[in-house]
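Can you keep this structure in mind? I'll have questions shortly.
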């Protein structure tokens, strides 16, 4: 089982980066999902969507080279790549909601075996708001959850979410530091397991029932 | 009663031009309404809307100076004035339907005392389609009908339209070569009468009941 | 990803019976080369989504004359007598849609909306067979999305990634059709290198465009 | 018509209790001078329509800190701890709206639509008290227009007629808010003569703008 915090993140975001295909239009959520951009395989051409209003998000600017009119959806200074395009919020969500976004990668507080996702509030504690997440999860062709498998020792992969949902039955894939799970009609299917990790460890850390793929592979990260 | 075809048109469009106010955003329909642009009083600033996608329609270009990318909604070569703006059809009808258009001037086949308008088809005979007319009549703050009072001796101002409607109860004002009529809660109110025209002539040419304003004026044209 | 193809290559994606959305307003902003290529290839039974049927010798009006279409969904047919004639002879089905409603229905398809509520058409024949919904005491018609298999666009300036800039009154329905089709083909009036269109000025982002022809 | 006014003159149109729509995304593209002037004048009981409540020291976040607002209609409050705190203490009403739904609701108001159908929020608390409409076997929420008394915009380049050009990521909600308010005030980063913005590149046509400040 991977213990190092940084190594956990690396395993998760590297694996997700390998999931992307040439030509994909991708939205990466704030936090860990953003790091996926650092591992996109050579030779494939990805267009990153920033929901504040552009496609063609580039790397962070060098200090002193920030443009006040270019930020990402987390208000961090950003850049655009050649061939980028800026637009208003209505077009930004036309892209998201209209099925023009191939992949969205988001963090989660909880996700369950039906593909339900909760990531926008903890009643009475923390209510950041959903921002663009509800639209992203409903609209993207493929929804990938990027998160650590557990929080404070508790499983985040449940039979049924207990927190208010971001969207119902929309998650396609969950990637954690322990493995890769697909949401299927029959529940969660573990298709890949992380290096240094045993099947027993994954099952013990997962509240939801896990089906194990007959073709279970080790995550290539 | 005015008999000359050109004089009729002139009376109608001049009177409508006098109805426009400084700063008005105005859409002029194809045909006679277009001529209103030629009589806009000095010193008032009107923005003409062209539903194919711009605001700031200017006069026709000189022969040889046509720009293939600038036409009016009738596909005639057009120009734009300084400060014009081009946009797509969705913005064009946002302007129309969203209440951002002060005045629309349209022709009619029939109009009735309830403010119903028919101007887009004659079943079995002529079906040009409504184009932008249904949106214009529903959306504009003020709907002015510009037409001759009669067609082939028959009144075009009826108790009740018999042709398929363009919109129900949306017409505010009717201007013909015989006078100016307002659509009120109580029916049509004749507020102005054309020069060289008698009240008896107007009433005889109008199928709908006409209330006569106590303050009836002669059209200034 | 190289999106640049010949017109012949692009035409391979267009089949008989498809629903095709075409940009342009009375032919202005219509990709005439693509329109002509469809005629030349003899594509049949097209359902056309367009603002109008243009003129007999211009834009999609030529498709009506050449009988490439079985149905048109448009706001206006008055400038093309051939459309009215074929309609009267029941050779051609014509669905007339108010222009603003047409724009919103195409946009709704592109934006993933289930429909929009418009006041336009209330009290007219446009109401027929449509759901009426009352909001705050006012009646609206529920108008549903219209989506196409293929969209044919005309771009004034197109970069090699597919970003489009529409000059002046050529925008019209082009930017809407771009969002509402499975496959989007743009005919570039001027093809430029990636980066030559200022990213703030792009009117249709490249991600909507599948094929670029010159 | 001279639309150019001082900030003081423009502020005369803003009253306690008004619903004010403000452009910007986490403060980027927000008219900071107008925001500050509202604080300085001590306008109270504002209902704010904005993408978010920005940061305590930036954009409309300052209104929250200075208690100019009684209600916010936004998609996100996570970057401004003051919003959450006032919400928990019931000093501030917070209506959270999914960002894409917020964009469409503002647009619907501007476009004269009675509402739009979105799949976003189905199966979540957003459903509560909303009409569900099934189209072709799929459920959608009917979301209603949101309109403001006043919109405060930031324009990168504004001409003296009121045409606006938004640079890069400053477009966001500015172009939508412009359509959905009784009175529209734009703060120009750069004010230019009429005609200096290419008519094809205008992003908010002048007819939406009532007042220009520098």
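Order of writing sets the chain letters: A, B, C and D. Residues in each chain are counted from 1.
FYI, contacts are C-beta pairs under 8 Å (C-beta built on N, C-alpha and C of every residue); 3 or more make two chains touch, one makes a residue touch a chain.
Computed from a prediction, not measured in an experiment: that's the story for all the values here.
Listed here as common contacts of subunit B and subunit D: C.
Within the contact network of the assembly, the step distance from subunit B to subunit C comes to 1.
Chain centres computed from CA atoms place A at the largest separation from subunit C.
Two chain pairs, A-D and A-C, are compared here, and A-D has more C-beta pairs in contact (counted per touch definition above). Remark: subunit A and subunit D have CA centroids separated by 29 Å (rounded to whole angstrom).
We define each chain's centre as the mean of its Cα atoms; on that basis subunit A and subunit C are separated by 35 Å. We define each chain's centre as the mean of its Cα atoms; on that basis subunit C and subunit D are separated by 32 Å. Between the CA-based centres of subunit A and subunit B the separation comes to 56 Å, rounded to the whole angstrom. Among all residues of subunit A, those that touch two or more other chains are 54, 80, 86-87, 90, 93, 96-97, 139. Counting partner chains per residue, subunit D shows two or more touched chains at residues 104, 107, 111-113, 118-119, 166-168, 171, 199-200.
If each chain is drawn as a node and touching chains are joined, the picture fits none of the line, ring, star or complete shapes. Interfaces, counted as pairs of touching chains, are A-C, A-D, B-C, B-D, C-D.
Chain contact summary for the complex, subunit D toward subunit C: residues 104, 108, 111-119, 133, 135-136, 138, 140, 142, 144, 165-168, 171, 199-201. By the touch criterion stated above, subunit B contacts subunit C in their complex at residues 50-54, 67-71, 73-75, 78, 80, 86-90, 92-93, 96-97, 116, 126-135, 138-139, 164-169. Residue ranges of subunit B in contact with subunit D, taken from their complex: 22-23, 25, 45, 47, 54-56, 80, 82-87, 90-91, 93-100, 139. For subunit C in complex with subunit A, the touching residues are 1, 107, 109-113, 159, 161, 163, 179, 194-195, 199-200, 202, 205-208. Every residue of subunit D that touches subunit A in the complex is listed here, in rising order: 25-29, 51-52, 55, 74-79, 84, 87, 94, 96, 98-104, 107, 118-126, 156, 166-176, 203.
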